[in-house]
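Labels run A, B and C following the written order; every chain starts at residue 1.
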Amino acid sequence: MPDRIDGPDRTDGSGPTDGSELAGYATVPYPANPPGGGEAREESGLVAEVRLRRGDFTLELACRVPPGEVLAVLGPNGAGKSTLLTALTGSVRPEHGGIRLADHTWLDTRRRIDVPTHRRGVGLLAQRAMLFPHLTALDNVAFGIRASGVRRKPARRAALEWLRRTETGDLGDREPSELSGGQAQRVALARALAAEPELLLLDEPLSALDVAAAPAMRGLLHRVLGQQRRPCVLVTHDVLDAVVLADRVLVLDRGAVVEQGSTHRVLSRPRTAFTARIAGLNLITGTATGETVRTPRGRALHGSVVEPTTPGEPAAAVFPPTAVAVHPHAPEGSPRNAIPVRVVGMEPRGDAIRLRGETDSPDSEAALAADITPAAVAELGLRIGDEVFFAVKATEVAIHPVSGG
Amino acid sequence: MNRTPRGTAPTAVLVVLLSLLSGCGAASSDRNTLTVLAAASLTEPFRDIGDEFSKREPDVDIRFNFQGSSLLAEQIRQGSGGDVFASANTDMMAKVRRADALAGEPQTFATNQLTIVVPPGNPAGVESLADLTDPDTSLVVCAPRVPCGSATERVESASGVRLNPVSEESDVKDVLHKVVAGEADAGLVYVTDAGSAGDEVEAIDFPTSDEVINEYPIARLAAAEHPELAGRFVEFVRGERGQRILGEYGFGAP
Amino acid sequence: MGVPLPLRLPALLALALIVLPVLGLFARIDPGRLPALLTSPTALTALELSVRTALAATVLALLLGGPLAVVLARSRFPGLRFVRGCVLLPLVLPPVVGGLALLYLLGRTGSLGGPLRDWFGLTLPYTTTAVVLAQTFVAMPFLVVSLEGALRAAGTEYERVSATLGAGPWLTFRRVTLPMLLPPLGSGLVLTFARALGEFGATITFAGSLRGTTRTLPLAIYTEAQADVEAAVAMSLLLVVIALLVILVARPKAVEGRA
């Protein structure tokens, strides 16, 4: 294999950057260190600050993604997620800002630097695979390698290696039209990685896949992203993608950053109602032990494993608020997980009432949500400050492996 | 079944279409309409003649159809109707006659002959037929298959001058236009065409032109709706008024 | 069959309107004269010239019109819509007027043709080159319009993906845009060739009509029609046969593509 291919096997022992290192600047406003401003250069990874206006809409955002880290950009439609990606790829030029990757400046509006997309080294895996229809799967993957000047034969050899890594090694001869959605997306991932981008962008990579194909692809992404050392930005509206794939989360609303921080912190203890609404899912992190997730406090949550987890590795138990039942006392004898909480909030949500419950652990499983009927609230006589139990069946809890952060 | 039969809509479309197509055949009034099919080169004098004729016959409308003689001949042979046919050459008249589409003998009512035309100022210095063979002089003539072209061929054989044109046009007006536009140094056209171009060209007569006279025949058609009126029109064209108008446009007398 | 009845009848009428007159035309030819008419030196010389010039015009339209289509489909600049409208001018103008326009520009006394003649001794009218130019003028919009439409329909997403894989604009054009454009390009070329083959008005006005040099088949047919309509009709059979050959042989391969 040509040594220029930066394969997953080259990952060294250091692993992804520890989330705690990032905590320092997660909430610090960016412009403290403008791009191209000298000292800022020692930063590795992606450093971006952009302001971009399109009609009434303005995207204003600053973020950093260290090597090996995955930043999930969450937000509803129209929040500016895709606009951010177009600014990063270079197909749209922000009015103001800078984008730097390690020691390469891609964009600096003050110095009038704007590197075109093909010289940026930015890999993109989009919603649809967008495989070139006139090339076989193998030649699709070889495309980026060939574009960098490698001859056909070694490029194809390397491409085959990448197909193997995305578990599509036997599909090289297929035309894109002969691939299923999931297969095509795997080939597209191989193609994006084979071009050895300095920055990897994932634009809703699972949203076009059917429910059967999405979990497997999510698992593949989890494995592949965990093994590589480049910064990665994942745009998604699905909290689960963020939970499984991202180390950190940036929540975007109408072009502005609402919140950013480590995935479990942002999703389990949303600081704003907006993030809470976005999150929509209950998330309890811990370490995997078979079909359970054990929290740092020693509580075990039982669930069904969606993607294989490794005992001792970080994992998350995920369940929707609608699956939660509220009990005044600990329920007995049923295969339920029961978590003691203190009710800290009540708000109407459609026909239901959403309860917010704070657990005794101030760290990870800080706030959980339960959607119950107004009748149940009345029957239980619930008030803010009450101590109750949130119960959820094991079959409603999905156990996912999560990123190290 | 209380629904409209399914064939109704397409049938309606067809009926509307056909009625649109046939809508052109509107009923005519009581006035007599005389249809004259005439060679394109007769356009101006025949319009004048038509005006004069209408003054004499107030209840007559004349409808002219000016086209190339061969196309008119073909239309007559296909039975398109008409009362009078005035051709720019005898061949086409003979063709119509062979198809038994004539009523009576064709009669010559005008003649025409070729002349050299050059752009104003005569940039190539053309003075005679022989000058037209100069390879640096771009000459445009009519194609041999059209009347003015066959006249050109006859001029060539009568004078012994072998012409070398850059283009052989299918319409004498195109020859004229190329000279007017300065895209040709010289052209061979009818005297009448040279006259109609006025100051835009200079005409240069040459001796042989008198030997090649083009005759214009006119005849009543067998399919004429108004045979008597058609006869009166033919006589008018050949009569004193008609001949004077034709003369004004450069046509020779028969 | 999913074609609704109200569409089938007009479709049939449309087909009849196109095919019946042509059939009626050929029904009038005396079969005994046909072989002689079709193989007459006049017809064959004109046929050879027509095929040669129409092919040259198609190549020229591809070399010039192809890039124009890409620019129109892929670039953004003020006045783009106006420029796109201008491309359609030859479709709207009567070909004779188009020929006049060419003459006024490139003729001996034309605003461009004058200097060309004075400085380089080049005169275009009455040459085979003029025929090719006239045909290109009239036929190129077909290529530009069909290609631009195909480019717009294809969108820019593949090109953006290609850029993210490190391919520059030229490499992207060659390896992504062009291969995906081949099927519509094929049908555009067929249309262009057919239009160039049938070109009459602009050619006769701009290039003149001389056997072997500028008298293409349509011009020869027109000239012949002045004297012998039946011979002209027979010669037009040659045009129809070539057009059918091109459509039947070239089109399925080019249009239906790899699918």
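The rule we apply is simple: a contact is a pair of C-beta atoms (placed from the backbone, for glycine too) under 8 Å apart; a residue touches a chain by one contact, two chains touch by 3 or more.
Source: prediction; values computed, not measured.
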Contact-graph distance - origin chain A, target chain B: 2
Central chain (distance from its CA mean to the mean of all protein CA atoms): C
Cα-centroid distance, chain A relative to chain B, in whole angstrom: 84
Whole-Å gap separating chain A and chain C, where each centre is the average of the chain's CA atoms: 54
Chain B-chain C separation of Cα centroids, rounded to whole Å: 32
Complex contact set, residues of chain C against chain A: 157-158, 160-169, 171-172, 175-176, 179-180, 258
Chain A residues within the chain C interface of the complex: 89-91, 116-119, 121-124, 126, 130, 132-134, 143-144, 147-148, 191-192, 195, 197, 201
Residue numbers on chain B that touch chain C, as the complex places them: 6-7, 9-10, 13-14, 17, 68, 70-71, 74, 91, 138, 140, 143, 145-146, 165-170, 174, 178, 181-183
In the complex, chain C residues that touch chain B: 5-6, 8-10, 13, 103-104, 107-109, 125-126, 204-205, 207-211, 214-215, 219, 222-229
